[in-house]
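Multiple structures follow.
Shared chain: chain A. Partners: chain B in the first complex, chain C in the second.
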Partner chain A sequence: MKVLKGIGYALALPVILVLIWWASTLGETNFFVPTPGVLAEKFAETWFGERILSDVLPSIGRLIVGVVSAIIIGIVAGLLIGSFKWLRDLTEPVLEFFRAIPPPVLVPVLMLLMGITDGMKVVVIISGCVWPVLLNTIEGVRAIDGVLSDSAHTYGIGGWARVKYLVLPSAGPQIMAGVRQCLSIGLILMVISEMFASSSGLGFTIVQFQRSFAIPEMWSGIVVLGLIGVAMSFIFQFTERRILRWYHGLREVENAA
Partner chain B sequence: MTAQAVDKSSAAAPSHRRRSSKKLPSKQLLGLAGILGFLLVWELVPRVGIVEPRFLPPASEVIAALVRDFGLTAFWVAVGETMLAWLIGLVMAIVLATVLGFIIGSSSFLRKFTNSTVEFLRPIPSVALIPLAVLLFGVKIESTLMLVVYASFWQVFIQVLYGVADVDNVAMNTAKSYGLGRLARIRHVVFPTALPYLMTGVRLAASVALILAITAELVIGSPGLGREIALAQSGGAISGMYALVLATGLIGVVINLVMRWIERKTLSWHSSIRSEVIV
Partner chain C sequence: MQPDTTPAPAGKTLPANEAMLSVRGMKKVYKTDGGDIEAVRNLTFDLRAGELACLVGPSGSGKTTLLKCIAGLMAPTEGEVLLNGTKVVGPPKKMAVVFQEYGRSLFPWMRVRENVELPLKNQGVPKAERDRLVDDALEAVGLAHVPQSYPWQLSGGMQQRVAIARAVAYQPEVLLMDEPFAAVDAQTRADLEDLIRTVWKKLGVTVLFVTHDIDESVYLGQRVIILSSSPTVIQEDLDIDLPDERDQLNTRALPRFTELRHHVYEQIQLAKAGHRPAAATQA
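The block that comes next holds the complex of A and B.
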């Protein structure tokens, strides 16, 4: 019964919204808004063909490569910078400035430096995504509990063991917060790098549909981007639950007390 | 629940930083050295010829171009257009998100009812709306606004939802026992609880709004700094383009500083409670 109720709550509003959409497009034919039926039909027609190979998968591939490299670079550099106070002080203003630059303006810059290649698009994604991970890692490393750090020191835990058992777990929640921001920036940059300078990819295809006034196709492209966003957020939540299981458990205990 | 923990910790960051910066005066010197070192590397890389100066002009040239820009009306007009879109979009998003957040957050039925829809809509990247904005509004400020409002709305809305849900039961029941009406309860119990969350949301939304404002101008071509960057790039005014990129970075830094300042001002009464929660 409880499950049924939950499903009911989850489905009620979406169903109502789709019904309103269906009812309002029923009578007239609005050029800008396709009916649900047309959209579903175009969606299947447009994206379940060769386009999935030529546009969707390469885009997603670049996104994954870019995001994963950004996370690795961010964590490694963050651990390094976070562990030394002088290095942190030295780099902080410069890093703050780089973070404040809106990542999309890097598209024309990198286009100039690297030309319009796959590499450039990946670098755009990396150069936009790396900052939240990097800065959060630095913050996380800096905020390690002093007692824990001293205990580790006393027990002679140093080097890699220290990083693995002390630094990474205690910075973990902060790092994951950075990764979450990084994912949404990555998706935005993937689309923009293709909209701005490309001849293939999701972003390019959607803009192409819009320019040729293929409105239902354009809407279906927006739906694809939405689905990718939703899928990424699910994957992230799942991974985060696994990696930070101890942390969520700890918080539950704390909240209950 | 994760977001809650996470956003609280990011809200705490500035106060920590402030404390440590007061303790050590040499920190500023090191920071300055960092900036100078970065500029030096930037100056040398094209001069030595690692990257062609045609693609990456030396720092001195770019800074000169930026200083030249500061004297041009066209530059300030572009900055004004960007900031106008940023401000209008941000205010619209904040008002909309706060009102909806309070309404939906204070009823558990509405929360459950909208949860699936919110979770589905939130991750949709705002840039997916670019083609739609172009169709509806063309290359005008409205296109920029649409993206800015959409993107910043979620930042504030989610924070307000968490904030309203965080209301202390004892405080709420006490207010009820003392006969506070619905509006009075919202004003004196719910609002103070949600305010720190709201401010975190506003701070996040402010930087997201800038990103989207400039993105829209860059990709759609609505008036503002972003369009100037695209024009400079396609027109081959390379140091001019780098100067504009620097300018957007400076605007970003200023926005961050102002938002942190506002946050500190509005929450000065709250900071003791806040640091207690974070630990």
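The block that comes next holds the complex of A and C.
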């Protein structure tokens, strides 16, 4: 019953929005605004065929590789930079510099250096996704409670054990906040990396439809992107609830007090 | 009480082979942007193996500083700490610390049992022995029924019991406690005081118990070391000649308890008023 209620709440607003859209496009003849029926038809026609294999899955694959790499790089580098002050002093100006560069401007440069390859697209995704994870991890590592750190120290918990039992869990909430941002940036960069000189992928396909005035198809591609975003968000929330169960519980207790 | 080589001889010292823990001429100066702050001027005392000593002093008398130096979390500016004759340079293996802030000393992402088990796991104690030690420790502090709870699901007093269980399971030779009951309510506090006496007797561990509570120090300790106000020296090192069996009602009703309490209270008041022991003023 509770589950049904949850699903009901989750679906209510989308259904209402589609109804509004349907009502406002009744008798509409604008070429650029398809009706829900047309869009649904084109959606099935366009995406439930070979495009899944040729465009959608490769794009999602690059997105996953890029995002996962960015998370790993961000956490590892963040642990190191957050743990050593000298490393922080050394890297801070450089990090600020690279962080300020908008990843889309890297696309032409990387294209020249790496060619139009999967590797190039993955690097574009990493170059944008790594920052929220990295910076949040650094902050999370630096914010470890002094008493907790002393406790671990007095019980001889150091080195890798300290990272595993103290640093990572303690920085967990911050890291997950970074990962959340990283996912949405990843989706944007996945599309952008495919918009220049590509020959496949979701971004390429959408641009292609746009240029050939296949407007309902173009809209359906945008819907695919939105659905990928929703799926990512659900997977994230599911994972986050498991990893940070203690944190949500602790917050509830603190708020109740 | 006779002066020896150190300038502030108020703390009791023992021959080297009898002392479990020795603090020798400890001085701690914090360097800050606003100038140096001398938290501890000169402390010298020894603890016998198996002794339960309380360290009491006015607030701001550098109690926590002293404890952190003993625990190896901080290096003294001058002087040294010896554990079994070995100089302390980092947290010694055979020492456990219970902090005042129970809410910040337990790992909130671990359940009670995991918290108690972690130091042992980290030392590579075999699983079977670990389980036995953890069970015994939880049993000893009266928490055998909540091993699967998270610390933050428990009351403050229970959380501090978990921290004590963790220290007990670790089987230390020296147990340092930094105002462990300052943040729990009075009734829980009385229970926890008795718990400490019980655990101490059962394990034969050497305990240094830091507190600002005069009654608590007299009730718990075999000895009370009174600190002066900052910069800290030892005001007095007092033996507590109360019977070994103590309980909250009868011990606290003894005339001798009242006398001792009265004496410690006076010394603390003197310390707050800026009075310093003769030896220290000469130094």
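Rule of thumb we're sticking to: the second predicted complex is superposed on the first by the 241 of 257 C-alpha atoms of A that agree within 3 Å, B and C clash if a C-alpha of one lies under 4 Å from a C-alpha of the other, contacts with A are read in each partner's own complex, and residues count from 1 in each chain.
Definition applied: contacts are C-beta pairs under 8 Å (C-beta built on N, C-alpha and C of every residue); 3 or more make two chains touch, one makes a residue touch a chain.
Note that this is a predicted model, so its numbers are computed, not measured.
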Mind checking the superposed model to see whether chain B and chain C fit together on chain A or clash? fit
Give one of first, second, both or neither to describe whether A:Leu148 is in contact with chain B, with chain C, with both, or with none. second
More chain A residues in contact [chain B versus chain C]: B
With both complexes superposed on chain A, which partner does A:Phe209 reach: first (chain B), second (chain C), both or neither? first
Between chain B (first) and chain C (second), which does A:Pro34 come into contact with in this model arrangement: first, second, both, or neither? neither
Touch check for A:Tyr165: first (chain B), second (chain C), both, or neither? second
Taking the superposition as given, does A:Ile157 touch the first partner, chain B, the second, chain C, both, or neither? second
Please work out whether A:Trp246 is in contact with chain B alone, chain C alone, both, or neither, and reply first, second, both or neither. second
In Å, how small is the closest CA gap from chain B to chain C once the two complexes are overlaid? 7
Footprint overlap on chain A, comparing chain B with chain C: none
Complex contacts: residues of chain A adjacent to chain B: 9-14, 17, 32, 86, 89-94, 96-109, 111-113, 136, 139, 143, 173-174, 176-177, 180, 184, 187-188, 191-192, 195-196, 203, 206-207, 209-210, 215, 218-219, 221-222, 225-226, 229-230, 232-233, 237, 240, 244, 248, 251
Please give the residue numbers of chain B that touch chain A in the complex, ascending. 1-2, 5-7, 9-10, 13, 16, 24, 26-27, 30-35, 37-38, 51, 55-56, 112-117, 119-120, 122-132, 134-136, 207, 210-211, 214-215, 218-219, 226, 229-230, 233, 238, 241-242, 244-245, 248-253, 255-256
Touching residues on chain C, where the partner in the complex is chain A: 68, 71-73, 91, 93, 95-97, 99, 101, 104-110, 118-119, 122-123, 150, 152-153, 166, 170
Tell me, which parts of chain A touch chain C in their complex? 145, 147-148, 150-151, 153-157, 161, 165-166, 169-170, 172, 246-247, 249-250, 253-254
